[in-house]
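The two complexes that follow have subunit A in common; it is paired with subunit B in the first and with subunit C in the second.
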Partner chain A sequence: MAVVTRGFTGRGRREVDLPPGQYLTDDFPVLSAGPTPRISLDEWRFEVADGDGTRQAWSWPELLALPSEEITTDIHCVTKWSKRGTHWRGVSLDTLLSGVDSDVGYVMAHSYGGYTTNLPMADVRDGKAWVAYEYEGEPLAPEHGGPARLLVPHLYFWKSAKWVRGLRLMATDEPGFWESAGYHMYGDPWREQRYWGD
Partner chain B sequence: MTELATPTRRPLAWRVATVAAVREESVVARTLVLDVPDWPGHIAGQHVDVRLTAPDGYTAQRSYSLASAARASAGYAVSTVEILVQRIPRGEVSPWLCDIAMVGDQFEIRGPVGGYFVWEPSRPEPVLLVAGGSGIAPLMAMIRTRKEAGSRVPFRLIYSVRDPDTLIFGEELARRARDDHGLDVTIVYTRQTPPGWRRPPGRLDAVLLAEAGWPATLAPACYVCGPTGFVETVADLLVAAGHDPAAIRTERFGPTG
Partner chain C sequence: MTGVPEWVDGNDIAGATRELFAVDLTVARGRCATCGREAMVAEAHVYDRAPGIVARCASCESVLLRLVRAPDRAWLDLRGLSYLEVPIPAPVAPAAMPVVA
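And then the complex of A and B:
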């Protein structure tokens, strides 16, 4: 069905396995919908909340006091770039969600600046997701989501919310910011779930 | 960050696009006019995914902003759309689009995509557009849409380029600044200006942004598009000048080859 493009041979025959439609970059492009929020560490909070209000909250020193993990992972952006072997440090969401019932189905990540993104609870537990605050051994830069961002590397990177400020527990799935604008509710790069209906 | 255009609720199919015309826009960028017979229409600011396929089935995808008006451009049928492509050295897709593609060639596109970095003529507030380099593409779609829709919403464009050789849409912008009532265009040259230019080369700063943009008290809708560093700088300047962060929409162009 695909038309062959005259004169196109492709430069990037890759030796590594990437999700469909992705290409490798050595850069770390930035994608955000608005200005980069500047968040004071004195005011920074991470909250886990349900419909009744806040259940648990951590200040910046409290987050840093939790056990952290080093994560080495590939990341895949829906705008087609992938980056291999990125290094992060952060707190596993298993730690931050340890007080949450296992029957909660979904979470909505909320960010400073107003961004949101939805995730199934199963995708942020069992060692699959972190609140990351270091990138390549340095404090996470504001344009890359610092002071802390979600890291959910098995999904397209828009799910790894920058400037994260908390998770809201949800019984049913609801679309977040990009998901309301035509992007996929789940976003598995290996199934190329970029847009609604993929 | 709450206002979104109505997104598509249909799966986005790949459509065959045929190159209908090519316009060189600068030494590094060209417009491809694409004939897409079943094109569903788009909103100014949206982008498309482009997929090139090699004879052995290998494919490569990239995203490109649509530069054409949300309605048909004069002289072209409704089924044509335009993308602006800047050549990325050592890129994979842009060199084909910039150097090899010619009228009659075919590849695939799907879209339109994106419901946030968009402008529709129904919006009443004044508009500030700030472009760096090839970031002009989605903003040009807004300028063209404004004219085609007969909108009288005041537009101000501040467009930063390195030098006259890298100015994209230069002639059209000069013509529209003269003919499109309510559109002001300010070009900023960062390295080298044309002979006799009234402002020495330099980066866009707070003073120029205040002079050529809108005051925050007018609560304009701001659209900033360009390389990451440029967008970071401009968005920070706008916030510092009192603009509501929620009224500043950004699109950052990485090196996407």
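And then the complex of A and C:
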């Protein structure tokens, strides 16, 4: 009798290249901790601020005038769905943070509606994070964070703050909305850092 | 003179908290720490399609309660409520024993 082996790949039949504990979905679930803010583009601002106040701010036309990039990436939600090959357009945070000293260790992303999430500065530089305003060739819909959201796809998607309105520079790490209620301060899906202590 | 300790350890609240969380919290009344509205928890606006459950004030939309559930743990944040008034059944007086003459 023939014996069928799995060969030497060692990983069995798990979905290829998915972080541990994740499953694939084709749709784009809408998750939200509060009401969807409706932000007029006339009033929209993105601000980089520190303890002394606003350092720099961009209006909507000013954001659109900055060099933009197309991003194709997988995204991973801490509620265990992952989505392959999503397409975005946005402005790299390298551009928006170009005037910020390299010794600033962390940022707190703030959103319209009050949501916050914390990120190490190293994770929002060097081509790893964007302020995204298009999804699949269309303006980003409000339920997905439009007019603009953070896109930090190498971390769980709660770090990609919807309705982003700015970044506050921080010398030390502080927890944001979910990080202060059990969720991991860093949130690396490949190390399955979902909750405190993971 | 032997002093009486000013505090006892957390085990002391075991009975009280078990009683509190064994009840249906949705019939409790709470006060929004932001706007002061007093309402039943059941009247809050709950967002549960999220990494956790978020209950918001029906008046000002401030966060009243957050509950995050991990497989083996849960986190409850009630800082948005300045109090919770929880109905608890009053003790029932034992029925008088019939006196048999």
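Simple rule for what comes next: the second predicted complex is superposed on the first by the 183 of 198 C-alpha atoms of A that agree within 3 Å, B and C clash if a C-alpha of one lies under 4 Å from a C-alpha of the other, contacts with A are read in each partner's own complex, and residues count from 1 in each chain.
Operating definition for what follows: a residue touches a chain if its C-beta (ideal position, glycine included) is under 8 Å from a C-beta of that chain, and two chains touch if they have at least 3 such contacts.
If you're wondering where the values come from, they're calculated on a predicted model, not measured in any experiment.
Asker: With both complexes overlaid on chain A, does A:181 touch subunit B (first), subunit C (second), both or neither?
Answerer: both
Asker: Could you tell me if A:115 is touching subunit B, subunit C, both of them or neither one (first, second, both, neither)?
Answerer: The first partner, subunit B, only.
Asker: Now for A:143: first (subunit B), second (subunit C), both, or neither, which partner does it touch?
Answerer: first
Asker: Based on the superposed arrangement, let me know which partner A:158 touches: subunit B (first), subunit C (second), both, or neither?
Answerer: second
Asker: Just to be sure I read the superposition right, which of the two partners does A:21 touch: subunit B = first, subunit C = second, or both, or neither?
Answerer: first
Asker: Per the contact definition in the header, classify A:195: touching subunit B only (first), subunit C only (second), both, or neither.
Answerer: So A:195 meets both subunit B and subunit C here.
Asker: In the superposed arrangement, does A:32 touch subunit B (first), subunit C (second), both or neither?
Answerer: Both partners.
Asker: Quick one: subunit B or subunit C, who's touching more of subunit A?
Answerer: With both complexes superposed on chain A, more residues of subunit A are touched by B.
Asker: Can you list the residues of subunit A that touch subunit B in one structure and subunit C in the other?
Answerer: Residues 29-35, 79, 114, 178, 180-182, 194-195, which sit in both footprints.
Asker: Which of the residues in subunit B come into contact with subunit A in the complex?
Answerer: Spelled out, the residues of subunit B in touch with subunit A are 1-2, 4-5, 7-12, 14, 16, 49, 51-55, 57-63, 92, 96, 100, 105-108, 113-117, 228, 232, 235-236, 238-239, 245-246, 248-250, 252, 254-257.
Asker: List the residues on subunit A that touch subunit C in their complex, please.
Answerer: Subunit A residues touching subunit C: 29-35, 78-79, 114, 158, 178, 180-183, 194-195.
Asker: Please give the residue numbers of subunit A that touch subunit B in the complex, ascending.
Answerer: Residue positions touching the partner: 2-13, 21, 23, 25, 27, 29-37, 79-81, 113-115, 143, 177-178, 180-182, 194-198.
Asker: For the complex, which residues does subunit C have touching subunit A?
Answerer: 45, 47, 49-52, 54, 56, 61, 63, 66, 68, 70, 73-75, 77
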